Amino acid sequence: MTQLMNENGIRCDGRRVDQLRNISIKVGVLKNADGSAYIEFGKNKILAGVFGPRDVHPKHMANQDSGILRCRYHMSPFSVTERKNPAPSRREIEISKVIKEALLPAVILKDFPRTVVDVFIEVLQADGGTRCAALDAASIALADAGIPMRDLVSACAAGKVADQIVLDINNEEDQEGQADMPIAYMPNLEKITLMQLDGILSPSEYKKCVQTGINGCKLVYEMQRKALMDKYFTNET
Amino acid sequence: MANSVILAQLKREQILELLKEGKRLDGRGLEDQRPLSIDVGVIPKANGSARVRLGDTEIVTGVKIQPDKPFPDLGDKGILICTAEILPLADPNAEPGPPSEEVIELARVVDRGIRETEMLDLHQLVLIENKSVIGIFIDSSVTDANGNLFDACSYASVAALLSCTVPKYEIQNEAPVLVEGVTSKPPVKTIPVSVTMARIGDHIIIDPSSDEEACMDARLTITTNTEGNICAIQKGGIDGFTLEQVIRCSEIALSVGTKIRKQLEKLM
Amino acid sequence: MMETKRRYVIPGDVITTGPFRPEQNVYQEGDRIISTSVGISEIFDNAVRVIPLTGIYMPKTNDLIIGKVIGHSSLSWEFDINSCFVGFLPAQDVFGRDYSPTKDELKERLDKGDLVAARVANFDRSRDPLLTVQDRDLGKIESGELIEISPSKVPRLIGKRGSMIQTIEMATKAMITIGQNGWIVVSSEDPDGLLKAIEAIRMVDAQAHMPNLTERVKSMLGVELGDNNDTINE
C-alpha cells in the first residue's frame, strides 16, 4: 500500500493538503463544435465539445417550452491502465446524469424551445477526479458556445486521506483514501450543483470537507475565467 | 406534454403555498416520513427478502447468496452487488428494455449506500483467498412507483440483508460445497439509513412524493451509519443547494436516520 | 451624452448593483445585474446590457437576414437562416394572393441553394420564424460572395449609425448586404475591391472586442484616420 501522506503532511504526489493539482485550460480547441474546451487537471486529459442549440433528434424528446440539455461523459478505451470497453458503462451513464444536473442550474434554455444543447465529454486520460475536471471543461465549452448562463460551474473534489481533510483527491487517494466528495459550485451565486460522497465522515469532518471543496471550486474558477479571458480578450490576433 | 407542464406548474404553486405554512399536500409536516412498513421473509426461496411500503411506493427485494470468484485485486473480500429495477407494472411510463439513466442512478445510489457504510464485513465471506468467496446479490424490484424510490429501495435492501441467513460452504477438492442445514447470520457491522430530501423553493422536505418530485428544485440523498457518520451522498435535480442547506440536510439525515434505524434494528 | 461604461465580462460576472434596467444578455438577481455571456458590458442611461462575442443567431421580428433555401412544401419554402430555427417563407408572399398550389411551381422562383435577403415578419417562440420578401431590396440574391461571421459581431460590422459599413463600402466600392444572422453578401465589379472588403469584414469578426477597431480597419483600407471615442475600460 502506498503511503498517502508523510509525517510533514505532504501527500503522495508532493502536494499540501489544501493544494490543487496543476491545471491548464484551453478554450475553443475544436473547429466543428459550437463551443469547446480542453483541460489538463493533474494527469487527467479531457475534451469537451458543445453543439447547439439545434434541432432535437429524436423529435419526441423536444420540449415546447424550453430547450433541453443532454450530456454524454465517455472514457476512451486507452484512458485507464486496463483497456476499458468502449461501450458506455453504468458508471459513465450515472456520471453523465450528475454532470447534466450540475450544469442545468447554470444554463438558461427558455429562449430555445424545441431545441437541444448537446455536451460531449471525452476523457482521454483518467487520473482521479474526472467528473469534476470534465465539468470544469464542459462549463467553459458552454460559455464558448454562447449558451446563456447564470454563472460558470466550477468543480473540484475534497476528501479524507490519512485521517485528514484534503483538497482535490488524485487517483491513489481515491483508491486507498477514506472518503471522496466531488463538488460543483456556481461561485457567484454560491450554489452547490453537484455533490456526491463515497466514504465515511463524521459530521464535523463533513462540514470541513464541503467547505474545502467549495474553496477548491473557487480556485478552479479563477483558472476557468482566465482561460475564457485569454481566448476572447487578448490582443493577439 | 404542454398540459402536464402547466399542471406541474400549478401544483408547484399549490405546494409552495402550503409549505409556507409548514404543511404538505398529503397532510405531512416537512420532516415527516410517509408510513413505512417492512415485512421480511416474503420470498422463502431467497436467502433473505423484504417487502417495503413507503407511502404508496412498494419494493420487493431478494437476497441470493452463492459461491463466486472474487473481483481481481479484491481477493480478500466477498462480493456484494446491489441492483434495482422499476418493473413495467410499477409505473405507467416505465417501459421494458435497457435501463434508463434514472434506473441506473437508483441502483448505483442504493449500492453505494450499503457499500460505503461498510454494512457487511466482506472479509468474513472468503472461502479461499483470491480463489473462492461468497457472493451476496441484492436485487430490488420496484412494484409501485410513487416517489422516493431511493429510500424505499435502500430500506428494502437493508431489511433483506439484515434478515437473511448465510448458507455454509465447505471447501472440498478446492471447490465450495454447500453444507445442508447449517446457516449463519450475515456479518453486519452497521446499519445504513438513506434519507432523501427535496428542496422546493427555500423549503427542505424529506421523503418526497411523486408530485413533490415532479416540481422539486433539487434533491439530496444522504446515507448515515449507526455511529452517526455520513457515508454516501447523491445530489440530483435541476437546481442546486447553498452551503447552509447541505449542512442542514446532513443534520436532518442524521436525526431522521436514527428513527428509521430503530425500525430496521428490530429485524436483526 | 452620458458616458458609456464598458467592461469585458463572462457569464456570472456582476456588472453592477442598484436600480438599473436589465436588457440583453444580463439578468437580475436581487439587486445585482449579472452577465449571461462572454462579451462587453455596457451601462448606458441606467440600462445594462452585454454585447456578446459568441453565440448563435436568435431571430427578432423585423431583422434583415440572409437565408439559404433548403427545401419547400407546396405552400412554403424552408430556409437555413444560421439559427437553431428554420425560417418559413409562404408561397403567397412571392406569388401574391392568388397563389395556387396546382398551377404555380415554387421551384421556378426559388430553388434549393438559392440565397435570399428577407425580413423576419414574425417570431414568437411557439412557431418557427416567418419570413417575408415584400420590401425594397429584398428577394433573391443573384450574385456576390457569401461571407459568414459570428452573428454576435454584426452590430460591430455595422458600427454606430452605420459608420463601419459605410467606411468599408466607400473605401472598396463594394456593395455589402448584412444579414443580422451573420451571413453577409459582398459584390463588386472590381475584384480588388471585393477582396479588400472581405478582408475588412473578416478583420471586424476577429477583432470585434478590441479598442480602436475603426482606426485599425481604416488603416488597413488605407483611409485617413479621424477622431475615435471608441474605448473600453478594463
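Letters A, B and C mark the chains as written, and numbering starts fresh at 1 in each.
Keep this in mind: a residue touches a chain if its C-beta (ideal position, glycine included) is under 8 Å from a C-beta of that chain, and two chains touch if they have at least 3 such contacts.
Treat the numbers as computed from the prediction; the structure is a model and nothing was measured.
Enquirer: If you connect every pair of chains that touch, what shape comes out? Choose line, ring, star, complete or other.
Expert: If you draw each chain as a dot and join those that touch, you get an open line.
Enquirer: State which chain is most central when centres are taken as means of Cα atoms.
Expert: Taking the mean of C-alpha atoms per chain, the most central one is A.
Enquirer: Whole-Å distance, chain A centre to chain B centre, using C-alpha means?
Expert: 27
Enquirer: So, what's the distance in Å between the C-alpha centres of chain C and chain A?
Expert: The mean C-alpha positions of chain A and chain C differ by 34 Å.
Enquirer: When the C-alpha atoms of chain B and chain C are each averaged to a single point, how far apart are the two points in Å?
Expert: Each chain's C-alpha centroid was found; their separation is 54 Å.
Enquirer: Got the chain A residues that touch at least 2 other chains?
Expert: As it turns out, chain A has residues touching two or more other chains at 64, 186, 189.
Enquirer: Taking the complex as given, what residues does chain C use to touch chain A?
Expert: Contacts found on chain C: 8, 10-14, 25, 27, 29, 34, 36-38, 52-56, 58, 84-85, 125-126, 152, 206-207, 209-210.
Enquirer: Where on chain A does chain B make contact in their complex?
Expert: The touching residues are 63-65, 90-91, 93-94, 96-98, 101-102, 104-105, 181, 186, 189-203, 206-207, 210-211, 214.
Enquirer: Please name which positions on chain A make contact with chain C in the complex.
Expert: Residues 34-35, 52-55, 64, 106, 108, 111-113, 115, 143-152, 186-189, 225, 228-229, 232-233, 235, 237 of chain A touch chain C in their complex.
Enquirer: Could you please specify the touching residues of chain B with respect to chain A in the complex?
Expert: Chain B reaches chain A through residues 1-2, 5, 101-102, 104-105, 107-108, 112, 116-118, 218, 220, 225, 228-243, 246-247, 250-251, 254.
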